[in-house]
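Presented below are the structures under discussion, each in the form of structure tokens.
Both complexes shown next keep chain A, but they swap its partner, so chain B is in the first and chain C is in the second.
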Partner chain A sequence: MDLILLAELAVNGVLTGLLYSLFAIGLVLIYKASSVPNLSQGGLTMAGAYVVLALAHDMGLPLWVAIPLAAVVMFVFGMGIERVALRRLAGRPVVMILMMTLGIDIFLRGTTLAIWGGTSRSVDLGVSYEPLFVGDILVSRIHLLGAAVAILLFVVFVLFFRTRLGIRLRAIADDYMASWSVGISVERGVGLSWGLASIVAVSAGIIWGEIQGVDQSLSLLLLKGLTVAVLGGLDSIFGAVLAGIILGIIENVGSAYLDPFVGGGSRDLIMAAVLILTVMLRPHGLFGRTDIERV
Partner chain B sequence: MKEMDNNYNRRQADAKVPPVLECCGIERRFGGIVAVTGVDLSIRRGEIFGLVGPNGSGKTTVTNAITGFYPPNKGSIYLDGKDITGTAPHKVATLGVARTFQNLALFNGMSVLENILLGRHIHMKPGVFPTALYWWLARPEEMRNREVVEEVIEFLQLESIRNELVDGIPIGLKKRVELARALVAEPHLLILDEPMAGMNQEEKGYMARFILDARAERGISVLLIEHHMDVITGICDRMLALNYGEMIASGLPKEVVKDPRVVDAYIGGAHG
Partner chain C sequence: MFYRLSGVHHNSYVSESRLYRIPADRNLALFFLALGLVAPLLVGSLYLNSYLLPWLVWTAAALGLNLVTGWAGQLHLGYAAVMAVGAYSAVHAAKFGIPWEFALLIGGISASVVGSLFAFAALRVKGLYLALTTLAMQFVMDWVLTHSPAISGGSHASLQAPTFALLGQPITSDIGLYYIAFSWCLLVTVFMLNLRRTGLGRALVAVREKDYAAAILGVNSFYYKIVAFATSSFIGGVSGAVLVATFFFLAAPEQFSVTVSIQVLAMVIVGGLGSTIGTFFGVALILLAPGVVNGIVAKGAIALGLQLNVETLAHIPTATYGALIIIILMVEPLGLGKLYGNIRDYLMVWPFDQLKR
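So, the complex of A and B:
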């Protein structure tokens, strides 16, 4: 294999990895604010894509109206999940909250199937699929766009967690009791994190929907997103971005070398191996707080 | 010291100020278990009020009822004459009630300073305009917050560990950080849930000193839950003893500790 091909695999790996990061940022947001790994982030991402489609294709709104509107709708929906499903679970064992998020994921998949059916639909963002050469390397425009969105969200949220509101969310993630006792409304904070994660889900839903079409399988992004988030450290946004890049490269380059030997399908194998090895060797991930492994 | 405290009480009683905290007939159940029932207590302004009882007698449940974590099933709670029964915990905090926890509740991922700054939360009024016009609008507030925090850090002698992660410091200091976080909120009522648990004699002495000074310098009323009877009789003006969720004695510490029911509950009576 020549160097140019290797470079191309690596660069596209980075871009794909950033798309995983885009998804994983949503997971990290909720984890940072409430110490709960949100298993319904995949469902939310799929739902975000469907809401954009409903507004743009079914109601005929232009995309530049439909996307912000979908973000608002999903923000309210995310806050609603906290209000209806999670508030009564505050202070209960994490495993119950985990099961609840899994239930929400299944619920969302069922609901979208009932309303819009299971046929894959396209988003039609209008991004060209003409080949784009950077030097000798071929890159995909939609991946480039998605990577840019991921980096933008990364910057926005890093700054956000330095504001007073962001510090409040960090405090909530640390200790509910302590937060209440200093006058922080834990419920509102957790609701906000769900709202923000739902907005991230819309952006990930659009990009991934454009790439692979919108259907229920979009929610399976959770598996890759979770691997990225765990490797990055679950509560570190920077970790999620870096882990996404690392995983993207390993997956893309690794599978190109391995596939000829195993006859394809080594991508998922690589992902699974990374997830299992991370949990075994470094449970708090690359940049997570070390006490996470106690959980 | 004793002399001074007694004078303080007399002055307070003469002034006929309404109590800072008044609980009437508090009852709290968990499922079929009655954790506390029929608890009345009232704390006067500037008073240090002790709450004692064997493990499981309902002391922490009473504080959780007051602070809104577990609202009472029956009875009412008044703060400065205002009914706060069933108010959400974060709202109780904004009304001027600060607390520490028996098993500590600190923000472990943050430094000592950040933990204490978060105690100022109820005094922070963020907004779009003050933030945009930081230098003119938000800065004075920020300066004031910093001032209070620095003062408390000095008062509790936390200067040397201010930038350390809370997770790594010894438990005696953690308790002190928690007290600092409660004090910077400038509360009228401070609830201390076993602040001296697990402390040695010297650390206990320090903590008792801090509590007395907090009252003297800041006029804070204190509800103190403690197992160490020497501390209770040493610094409390009045006290209440609970057993199996019910009141068994209340009044001046030196009288309560001699009450046969209290002696019975604590060391087991010699009845046949």
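So, the complex of A and C:
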């Protein structure tokens, strides 16, 4: 294979990978604050995209009103999930928390489809589908936009974690017992992280909905998002961004080389293999913290 | 009925370690056993084969998962893959001309070999990371199934199961198939009930509570983790094979996809971790309730004169299924088995509730 094709695959891999990071940041936010693996992020993403659609298309609001409004709606909704469902499971074994988030995922998927139907719809962001040539390399505009959003969110969160509220969240992530004892409301912090993750889900839902249409397939991003989050270390936002880039390149280049041999569809296989290898070799990921366990 | 603990005194270790320490429990179990045996006479063949039979087979499968998740405490999100291994190898063996009795055994053994691979992940990590690894393994298995025509049966990706036969007698009647499912479920249930009384069961519980602490007590936690995975995979593999042989009649990759893994885990958790009777309830709820709710909604819509979208109706079962998981976990995180246990303990000493343990 020639170099230009390789470069094109790699560049597009980086962009796609950043879109995975966009999804994974939501997972990381919640895990950071409460050590809850949020397997309902796929369902939240789907719900976010449908809320935007409902506001923009069904109620006829312009997109620049609909998107912030959807973010507000989903923020409240995310905090509500934490308040109603997750808070009472605090301290329970991880299997119950996993099942709860899976249940929320299934419920969100069923409810959104029951309300809005399963046919694939488009967001119509107004981004042109004309290919963009950078030198000899072909780049998709919407991927570029999505990557920009991912980096923007990353910067916003880095800055946010320097504010007073952000420092509180960091304290909770560090040691929630100690945070409690100095008067930080851990419950409210965890709720806030769910709200923020839901806003991230809205942005991921819009971008991915524009790329592949708003339908059930949005919730299938979960495996890729999980792989990115685990590879980056489940509690590191920077890790999620970097792991997204790495994984995007591996997936794009790897599948281009592998597909002819195995007859297509090797993307999921690569993702699953990376996930298994990461957990086996370095469970805490690239930048995650190692936990010390007491008997 | 009245104060059923009356006259129950154990004064030897043998009587203390009986399967049922209280006659009332034993009588209830015998009653349900008899009910299962005469079920073909009580219900029509439609209910027998489209509700009771899958319920029993899925219960057997879920009990297998309960062994590894509820008893040994190892999260397993790839159970459907293990069932698929059992189902496909049994069907291939049967097509090859091996009698079904041995084909089921082959299915179980090959499933437990593959299932032990999952155990190697459990030796390295646990908790959340184990769940993620087994989930990834499930995706790998799905991929292998859909991408290898030699296993999944050619371009249509479905594999016809040969007629089920025992001792050379083909079994085709609805009642015959029901008894096959019933006896497999009974076998697994008796095994799971007796687990509490064996050293294996106690070792698994020790590993679940804290594997390091178990190791300090002299329980080889690596060994018991592998045993737990291998045993549960054997049960899962045979259950998968029985499911294909008596219910689906053909094997297809979608029957063993990742959603099925999640569904079996939901059955176990809704039923209650480590609870045998709870698993029966959990499977019934997860398997049957969504269809029932859908029927009620459809009838209600007609009764109220509402025009419901076809797509809405198609997705209500999914929403119900999710809502059931959420509600059960909110109301009683220990599952339906715990709810049953509460009611049982209350009725056991009924007029004298001061004796409540």
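As a working rule, the second predicted complex is superposed on the first by the 288 of 295 C-alpha atoms of A that agree within 3 Å, B and C clash if a C-alpha of one lies under 4 Å from a C-alpha of the other, contacts with A are read in each partner's own complex, and residues count from 1 in each chain.
Operating definition for what follows: a contact is a pair of C-beta atoms (placed from the backbone, for glycine too) under 8 Å apart; a residue touches a chain by one contact, two chains touch by 3 or more.
These figures come from a predicted structure and were not determined experimentally.
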Consider chain A as the common anchor and indicate whether chain B and chain C clash or fit when overlaid. fit
Once the shared chain is lined up, is A:Ile211 touching chain B (first), chain C (second), both, or neither of them? neither
Looking at the overlay, does A:Ile184 come into contact with chain B only (first), chain C only (second), both, or neither? first
Considering only the touch criterion stated at the top, classify A:Ala90 as touching first (chain B), second (chain C), both, or neither. neither
If we overlay the two complexes on their shared chain A, which of chain B and chain C does A:Leu138 touch? Say first, second, both or neither. neither
One more residue to check, A:Ala171. First (chain B), second (chain C), both or neither? first
Figure out whether A:Ile151 sits in contact with chain B (first) or chain C (second), or with both, or with neither. neither
In the overlay, work out which of chain B or chain C sits against more residues of chain A. C
Using the superposition on chain A described above, determine whether A:Leu113 touches chain B (first), chain C (second), both, or neither. second
Applying the document's definition of touch, where does A:Ile276 land relative to chain B and chain C: first, second, both, or neither? second
Using the superposition on chain A described above, determine whether A:Val262 touches chain B (first), chain C (second), both, or neither. second
After superposition on A, vertex chain A (C-alpha centre) with arms to chain B and chain C, in degrees to the nearest 10, comes to 80
Could you tell me how near the closest CA atoms of chain B and chain C get once both structures are overlaid on the shared chain, in Å? 7
In the complex, chain C touches chain A at residues 69, 73, 75, 121, 124-125, 127-129, 131-133, 135-137, 139-140, 143, 146-147, 210, 212-213, 216, 262, 265-266, 269, 273, 309, 311-312, 314-326, 329-330, 333
Listed in rising order, chain B residues that touch chain A in their complex are 67-69, 88-91, 93-94, 98-99, 101, 105-110, 114, 118-119, 121-122, 124, 126, 167, 181-182, 185
Would you pull the chain A residues touching chain C in the complex into a rising list? 37, 84-85, 88-89, 92-96, 98-100, 102-111, 113-115, 117-119, 223, 226-227, 230, 262-263, 265, 268-269, 271-273, 275-276, 279-280, 283, 293, 295
Chain B-touching residues of chain A, taken from the complex the two chains share: 163-165, 167-168, 170-171, 173-175, 177-186, 289, 291
